[in-house]
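Working notes, structure below.
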Amino acid sequence: MKIKVGIVGATGYAGAELVRLITTHPQAEVTAISSVSFLGQKLSDVYPSYKYLNDMVCEEQSDVVEKSDIVFAALPHGLSQELGAECIKKGKAFIDLGADFRLESEDEYEQWYQGKFLDKDLHKEAVYGLPEFFRDKIKGKKLVANPGCYTTCSPLAIAPAIVNKLVETKGIICDCKSGVTGAGRKPTQGNHFPELNEGFHAYKVASHRHTPEIEQTLSKLSGEDVTITFVPHLLPVNRGILATVYADVKEGVTYEQIRNAYEEYYKDEYFVRLLDEGKCADIHNVRYSNFCDISIHFDKRANKLIACGAIDNMVKGAAGQAIQNMNIIFGLDEKTGLEIIPPAF
Amino acid sequence: MKIKVGIVGATGYAGAELVRLITTHPQAEVTAISSVSFLGQKLSDVYPSYKYLNDMVCEEQSDVVEKSDIVFAALPHGLSQELGAECIKKGKAFIDLGADFRLESEDEYEQWYQGKFLDKDLHKEAVYGLPEFFRDKIKGKKLVANPGCYTTCSPLAIAPAIVNKLVETKGIICDCKSGVTGAGRKPTQGNHFPELNEGFHAYKVASHRHTPEIEQTLSKLSGEDVTITFVPHLLPVNRGILATVYADVKEGVTYEQIRNAYEEYYKDEYFVRLLDEGKCADIHNVRYSNFCDISIHFDKRANKLIACGAIDNMVKGAAGQAIQNMNIIFGLDEKTGLEIIPPAF
Amino acid sequence: MKIKVGIVGATGYAGAELVRLITTHPQAEVTAISSVSFLGQKLSDVYPSYKYLNDMVCEEQSDVVEKSDIVFAALPHGLSQELGAECIKKGKAFIDLGADFRLESEDEYEQWYQGKFLDKDLHKEAVYGLPEFFRDKIKGKKLVANPGCYTTCSPLAIAPAIVNKLVETKGIICDCKSGVTGAGRKPTQGNHFPELNEGFHAYKVASHRHTPEIEQTLSKLSGEDVTITFVPHLLPVNRGILATVYADVKEGVTYEQIRNAYEEYYKDEYFVRLLDEGKCADIHNVRYSNFCDISIHFDKRANKLIACGAIDNMVKGAAGQAIQNMNIIFGLDEKTGLEIIPPAF
Amino acid sequence: MKIKVGIVGATGYAGAELVRLITTHPQAEVTAISSVSFLGQKLSDVYPSYKYLNDMVCEEQSDVVEKSDIVFAALPHGLSQELGAECIKKGKAFIDLGADFRLESEDEYEQWYQGKFLDKDLHKEAVYGLPEFFRDKIKGKKLVANPGCYTTCSPLAIAPAIVNKLVETKGIICDCKSGVTGAGRKPTQGNHFPELNEGFHAYKVASHRHTPEIEQTLSKLSGEDVTITFVPHLLPVNRGILATVYADVKEGVTYEQIRNAYEEYYKDEYFVRLLDEGKCADIHNVRYSNFCDISIHFDKRANKLIACGAIDNMVKGAAGQAIQNMNIIFGLDEKTGLEIIPPAF
């Protein structure tokens, strides 16, 4: 019998991507979807590409909870805490694609999101769903905070060097570039085609909310308090994030040591592809898939490690990773439903 | 046991797309690939998006034939006739994605392709693989001429009106717009990014080789000698063809009659999605899938039917349709391996 | 002394393009601009590319009229009639980039725009500002209806064939493709980057308001009542319109006759570039300029003339042509301020 | 009388852009152009956007020298040294858009370009043509090494902080992103539309030839030996470079001090636009112009200065800056021919 999946916020980009991926998942099925803006309407009216393939009608949030074994929430920040509590109370698994459960420190949550933890105990039950780092903690859990897009890509790119103490944890820079779907479905002046097309710029420089989340992950991995500089940029493409991460290589450490560390660290990770020396990670090669391509480069003149990580922000950076987490929770092979070959063009 | 698939010309765009789609086909597997340009090299070196997912090495064409139950040829025009003959002789099925077996008239082949039929009997065995029209003839055949991209999209858009004698067969215009992958993998000045990006133009106006192929299909469907005007244009997008087809509506025919004819004609066709009145077919909504979206419009002032058909030129216009044909030949459900939901973005 | 130019609706795309072009016009200067949405704000806050180059503040519409010799109105349809009347009363020249004065028939205006002529006499004073056809009528006039983008490009492409009676005036088809700026500055779902990018579709099929305007022009040129089929499509590029116009060639007419007619008709037109035989007009080659590139093609098999016309929809299709009209009104060389070389990339 | 300008290598992108800009320069005129690949052909056959506007025919290089007061060379690296020597000998001014004269150290030239200084004295006469830093040295010179694109943008972004000793000169990172025209006109697999479109990746990580050139400039400005980490990336857009430059802020230095330093340093620079606090430099806003937009950002948590600089790589990063240098050499106002308003869309 298939896992019954409910998707709250199904008409946003992350929600719609979840629907698409779950629909072809061999051991799960979408049983109900909700949307505040499109209540009573068909998802395929919002996204005509789904016509005949998913013509489900958006219901109330409460109906979605009722009908599901697991609820995915793809909601604006701040709207998941109550829903999560309700799901847990009713024995449903809950995966939040928003930020409400990602930060362990309420202080940081307040500082970056201007919100409070409604139920501190519930937050303690939440696990941060980046399987390549925290797989063992996810197993058997019911409440997963699915990481953001930048916060998946940046730590994956630099983790092996940090875990193995090959680079300094001070002064790390994450210069990230994201496709536009990361900004969501709502039209804005900045994402109006003629104003974004043929443009490129940074935004929320050193003030983006993914900063503390990346730091939390890197701090856990390193056992040290890590503060990073995070600068996101907006790419005129639909999908993909490239994180170019810079770290100071510790004295005496060689490229070979670093390369070995990466190979060892990711040797069993299906979704991480470490590229051969001389290659550069490209968002083009991971589109529509759950892969994270990583290339590492050594600037011997300045003694810097430069690690590039590329993901599809809507898959490994959102819906795909959420399904990976679901697979872990339900004891399935992590790859189930996610063995997608990225198109070559 | 899975069908053993060999792909000749695997490093071109159509070949690479075939590899991608066959790799996830539940009842077929790629057993060998060949490429003249990349002999001895891994496909994933040519297309890094396939890394670890298909690292097959390009072999000689003859080895591919030997190892396969069915051979797909994605070769430049003129190179498939001998290969097809060899395959048939050895009892293999053969699907040609090139043009060598598409035209039934050797005169037309000579006129448009400057070539001869090497084996006239072999040409008689070939069937034109547009399943929505010629499904019954494909069953049990071993030699299929897979249609070109424009030649799939244009007839699908206008067929119900022609079959039902609702429009004149004189003066039909196919104004088509194609994404760049249709021009192949080889870099050219015209497809160099800075010269195509932000540009749009017609090419081979009223002289493109797909002209006689469209006419052949429409003539068969109508039982009349059809001559069309075909003007292709190049879109600055990767994938997709939109055919805007114009035909004169016969006197007295109403929009409702036309609409009914389309609904009836395509009512059992999984891969054809007739859009609701008022909607317009968009290549965005069929990308990476085998669907053909069709919208029909009636210009009452000028008494014209305007039918828009949208496909992914590399899937329904090439690799996907070839697999659809393979499924028919091997008695599988036509949809097998092709139930892909087009991404919403 | 420079011509004092006022621009009403300066923060829309057409208005902003006017500001840009007038600012480098050697014999005109922008003296005031207005905007309802950005009253009191600097234009360069809306368009940061203008920073330091035009930091004018948006004033009230009435102040703009007061300070100007000529007023350009780039307003939504329906808002120009009163403004035009006021300008004329005060002795100002008035060029309307909207549709209010374009149609001579009030019936058609009512049918397509659901509006009335507020002052029928005023409408009689208005001249349709397509200089290549109506230059003599524009001279000495004060009230010019600047044509729309599709309505500039399509008639320019087919005019010589019509004027010289080389093609039938029945059954003309204008299959047009426009860049996104034509849809204006206001963000919409359809022009949200991820939903337009990699997409292409027709819209307002056989029901776009430019239809009667094209017909009006072609009827005047031919002396016959022309009804066309007009189908616009949306291109994922910023600028440019390609009109592919189809017409039945009259019996006995040769390609050479048609070519000669085009050469003769446009021989003194600086802004029309008739391309050599075998070339195809490309929007890439006219971007940011006031040129209209035209290529003509003869489908001998179907006896159709195919004429492609390419313009920059914001320049020859809006602001540039408006300036061309201003130059005529004020007795300047028509090219003044418009001798722009389109960038090669 | 106008300055007679000769352009060697006119059919490459930088050469073609020079032709375009010089053609509208009020005090200079293109008198001759050359191209090895297109000898005897019209420039407008290579770039149809120039049709009728510049139909000059490509001549021999020697003829270009003969007919000109100043020669611009837009040649592949290594081909300018002899040409430069010849021009100087004949009393012509010479501006090299290639790299042959940019590096002052022959050792570095050998290391990065595998070449020798053919005439060491000639190299001493050469001046590095980044006017905002070295204007006084350019005046009266005849031999100018025009900087590369990355090497213009990166130093402009960080110079005021370095000159005023507000940041450390160790550990500076230049994370740069360039449009495709920077890679030239020759089609390559990587710049083939379907493979670049919707992609983004780094290249030549920490090994790009612009590295020593940026270091040379920053070393001169700071009076210290500066080593940087330089990582270029390829953007799927035609034009523009964004340099995101990271530097450690010295202890005790405040944002206000930095801001004041930038305002003071660039207060008289027409081509540098320092954006208001909170704004981010965007390549969209400088396209087709000679401006460099700069935004500065302070990461207080990590004590980093982040400076973003945006230019059009073909204008301020190539042809425009070359003309700026010509204007200085010939005693003209530096802005002459370069007062271009970047289009808003």
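Should a chain be cited, it is by its letter among A, B, C and D, assigned in written order, with residues numbered from 1 in that chain.
FYI, a contact is a pair of C-beta atoms (placed from the backbone, for glycine too) under 8 Å apart; a residue touches a chain by one contact, two chains touch by 3 or more.
Remember, it's a predicted structure, so these values are computed and weren't measured experimentally.
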Using the stated contact rule, I'd like to know whether A-B or A-C comes out ahead in C-beta pair count. A-B
Averaged over CA atoms, how far is the centre of subunit A from the centre of subunit C? Could you give it in whole Å? 46
Per the centroid of Cα atoms for each chain, what is the distance between subunit B and subunit C, given in Å? 38
For subunit A versus subunit B, what separation do you get between their C-alpha means, in angstrom? 37
Which subunit C residues reach two or more other chains? 13, 181, 194, 196-198, 236-239, 282, 284-285, 287, 345
Draw the chains as points, connect those that touch, then say whether the picture is a line, ring, star, complete or other. complete
For subunit A, which residues are in contact with subunit C within the complex? 13, 179-181, 185-189, 191-194, 196-198, 236-238
Touching residues (chain side subunit A, partner subunit B) in the complex: 13, 16-17, 20, 23-24, 47-54, 181, 198, 238-239, 273, 275, 279, 282, 284-289, 293, 314, 339-345
Subunit A partner, complex, touching residues on subunit D are 171, 173, 175, 177, 194-203, 205-206, 211, 227-229, 231, 233, 235-240, 242, 244, 246, 248, 280-285, 287, 295, 297-302, 304, 306, 308, 310, 345
